[in-house]
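Order of writing sets the labels: A, B and C. Residues in every chain begin at 1.
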Amino acid sequence: MTPDVLVIGAGPAGLAAALAARRVGAVVVLLDASDYVGGQYWRHLPVTRPARNQSVLHHGWSNFSAMRDELESDPRCEIVTGAHVVAIDGSGVHVLVGESDGTGRERRVIRAGAVVLATGAFDRVLPVPGWDLPGVFTAGGAQALAKGERVVVGERVVVAGAGPFLLPVAASLYQAGCRVLGVYEASRTSRLLRHWLARPWELLGTPDKVGELAHYASGQLRGRVPYHAGRAVTAIHGESRVTAVTVSALDSSWKPLAGTERTIEVDAVCLGHGFTPRLELAIAAGCRLTRDRFVEVDADLRTSVASYFAAGEITGIGGVDLALAEGAIAGHVAAGGAPTDVVLHRARRARNALGRFAARLASAHAIGPNWSTWLDPSTIICRCEEVTFGDLLSVSRASRATGLRSLKLLSRAGLGPCQGRVCGRTVESLLEARAPGGHLSGDATMDRRPIATPIRLGELATWFDGPDSPDESLR
Amino acid sequence: MVVLDRGAAVSATSSAGEGNLLVSDKAPGPELALATYSLELWRNLPAALAEELDGFTSIEFDPKGGLVVATNADESAGLARLADAQRAAGVRAQSVSVAEALEIEPHLTPSMTSAIYYPDDAQVQPAIAAEALLASARAAGARVLVDTTITGPLRDAAGRLEGVTTNHGTVEADHVVVAAGPWSGEVATQLGGTLDVRPRKGWLLVTTPMAHRITHKVYDASYVGAVQSDSGARQVATVIESTASGTVLIGSSREDVGFDSSVDVAAWGAIAARAVRLMPTLRDTSIMRAYCGFRPFSRDHLPVIGPDRDVAGLWYATGHEGAGIGLAPATAQLVTALLLGEPAAIAVEPFSSFRSTLAKVA
Amino acid sequence: MVARPVPFATDPIGPGEPTPITITVNGSSVTGVLGQTLAGVMIAADVLAWRTTRRRGRPRGAFCGIGVCFDCVVDVNGQRDVRACQRRAASGDVVETPTSAASGDQ
């Protein structure tokens, strides 16, 4: 079916967008690469592993179930799971449907009246000496294993990084039976208090969010999981797997304070220093980005490209309630609903309040400018190509290059299978700080990935349906 | 010596190519002479640059040889004719049997009809090589000004060019050499010159790192036709080769769409369809990246090396289409000789900016 | 055993009876539960690393767990470049991690 509205990503924002679009009467196609809907937030067990009470692992599970059930039973909403969006071009959205990294998957080209991008975000992890050892996971990865697989990554675990998301991760691990030895938040208490509590009236509109955080901080984890602000895991030790970490106190710029190091024996480490939005499809569609590199949207979640909307974490990291509100607005307007419709009032109020809350969380947990002082020259920065901090320094010094493309090719950072998803922003900031003049030239960015997910050459070969090249006679 | 770039150096065409240093795709004539001369210069560059630039990344020069493969009788006949003419011009071009071709490149389709091996074809990492050359220029005293856009000419009373104005002030010079790739036509116009160089867009696909190397540069014989083509419609000719890091580059397309860099999956599909015909076992290889660039196209397929017809002090080193990296060292030598009024190593007249074959068709 | 499954009997989510599956990882049998990904099966068996890196020969397994980092890639039943954290395991799956992609020159 040719949809009125195509929604890409079935996390909270995408589900809300699909529902809102359906309520305006639009025919909807909802795509997700996973084999079930819910996104990373409501990641759960597959149907092959039924459980009576999965809701204990989740916030808002009943809301999720209701949204899912309504969409699944709606004949005018087609949910396509295992839908891997490879590219967007002038002829439509190009999708492979089938197994992740499979072969011979079904090709679909979807042209829709409007597209809502709800592709979400993934953990940003700052490099730490030893972070490439087995037993080091992203915070989101450890949580995904706990919620989606019922697997715990270790017995003695630390959770470290920055941001409120560390708390639910610690809770998931604790609940699954780990000993969570500590949550180490790099931002210092003074900064957290200053930004969290600066304008308390702004929190009035966000009771759920505050409640959720308070629930973690004072309730579920209190007395069971020690929470330390102004501390970071600054080195990870082990030979073939993690055996210990060094935790250090940080100054306000995230520079480790000499003499504060403490070694803790662990068998797993979970790291997260905020999130990186998944921008490749928005960039392929031509959507303009903001200065801090999220998708630029207006009050109705319109991007700079006609008929393209964006909702959820790709417009700014704000959590589930903001994603739901944005999805509701985007889906409604994308389906042709009036932006002024009364049905949007609640979502608009929520977006206004939560947007301010998200901005304050972002500044409270912003990455400190001197975090890189905990690196040593042998620390891996690009995990795929095993490019070290020292490699980056010497390439920058020897070449004096100011272009990201040159620097990538000179160092190989960001050129491996993950295509800079993990290291991209780190590489950019480390090189930028060392470039002649203190900035990189040109508009190259690691976020530009015309092929959004790998495709087999043989699959791509079947995408050829025009006339062949002219096969001119040789001269 | 001042090098100007409106963005970062090496950020456009130079970093979007395969790093072809080829004689195989050139019919006898001035471009083959230039390529042969340039390859001689390339062979000495890796060692010279490594010695001069301590600690600089390897430019990945690899004299791996090229294998051109025909897949039908017409291609075979055309390829044989080309190879005969090249051999007469002194190019090493060895006919190999299908069995021999399969032995040296087992991924090739057994249904190929013939193949020619060109031992002198080579590869370089073009962006690293260009940065190394720039670093060498810096070491010799060149100033490199990035983020600097030319806004117009500086002329003396007689109209001779004596520099350029830029968004960052004026830059005085006795000579101005335009080497702006596909943007050279625009820059020439800004400076009062006449140069018809236009973009030809091309896409390349990149696989994930593979265990099995493709040890040569492998082309299908239609590549030889495409690089000589005047058509602006999309053409695809297969070029497949491993890089030093284990990825495989698969190209390439060629079309006239101006400077439109937007994604077009049909171009990728066309490249992939031809590639799996030439190397069927690559069918299940993962493509992790596609990138496009713009070649500087001149209407008679020859580079433009030498002075502008009218504007004294304005020079060109551009229009090499897909062969710019390969032809760069020789081009530099020719421009230098012309600037200094010294004899050039090979004939320069065929590359004149006012040769008859560049004249606009009325 | 450090990395492990949440004990079925005491799991607060009240899981149904799991269906055991067995896969082969570089020649060794590893037992997991139907519905787990290949990475989930391996990590639940405390196998944290299943390949070595191309340049330095360092051990790697899963890192991001959500298909972003490509650290966990394996060959499954002869199919190359499969992210173990994204592929549901099936009984009899043969997982291999040729140090291959690998071991080419530097």
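Heads up, the rule we're going with is that a residue touches a chain if its C-beta (ideal position, glycine included) is under 8 Å from a C-beta of that chain, and two chains touch if they have at least 3 such contacts.
Predicted model, so just to flag it, every value in this text is computed and none were measured.
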item	value
Chain pair with more C-beta contacts, A-C versus B-C	A-C
Chain closest to the middle, measuring from C-alpha centroids that were averaged per chain	A
Computed distance of Cα centres, subunit B from subunit A, in Å	39
Approximate Å spacing (C-alpha centroids) for the pair subunit B, subunit C	44
Gap in Å, rounded to a whole number, between the CA centres of subunit C and subunit A	22
Subunit A residues counted as touching two or more neighbouring chains	101, 103, 385, 416-417, 454
Touching two or more other chains - residue numbers and ranges from subunit B	208-209, 284-286
Per-residue multi-chain contacts in subunit C, two or more chains	54, 79, 81
Residues on subunit A engaged by subunit B in the complex (per definition of touch)	86-91, 94, 101, 103, 284, 286, 385, 394-395, 397-406, 409-412, 415-417, 419, 440-444, 449-451, 454-458, 460-466, 468-475
Of subunit C, residues touching subunit B in the complex	54, 79-81, 98, 100-105
Subunit C-touching residues of subunit A, taken from the complex the two chains share	33, 35, 40, 45-54, 56-57, 99-103, 122-123, 132-138, 140-142, 144-146, 148-156, 175-177, 240-241, 267-268, 383-386, 416-418, 421-422, 454
Of all residues in subunit B, those that touch subunit A in their complex	5, 7-11, 15, 27, 53-57, 74-75, 78-79, 81-82, 125, 127-128, 130-132, 135, 138, 144, 146-147, 205, 207-209, 221-222, 224-226, 228-229, 231, 233-237, 245, 247, 250, 262-266, 268-276, 282-292
For the subunit B and subunit C complex, residues of the former touching the latter	208-211, 213, 244, 246, 284-286
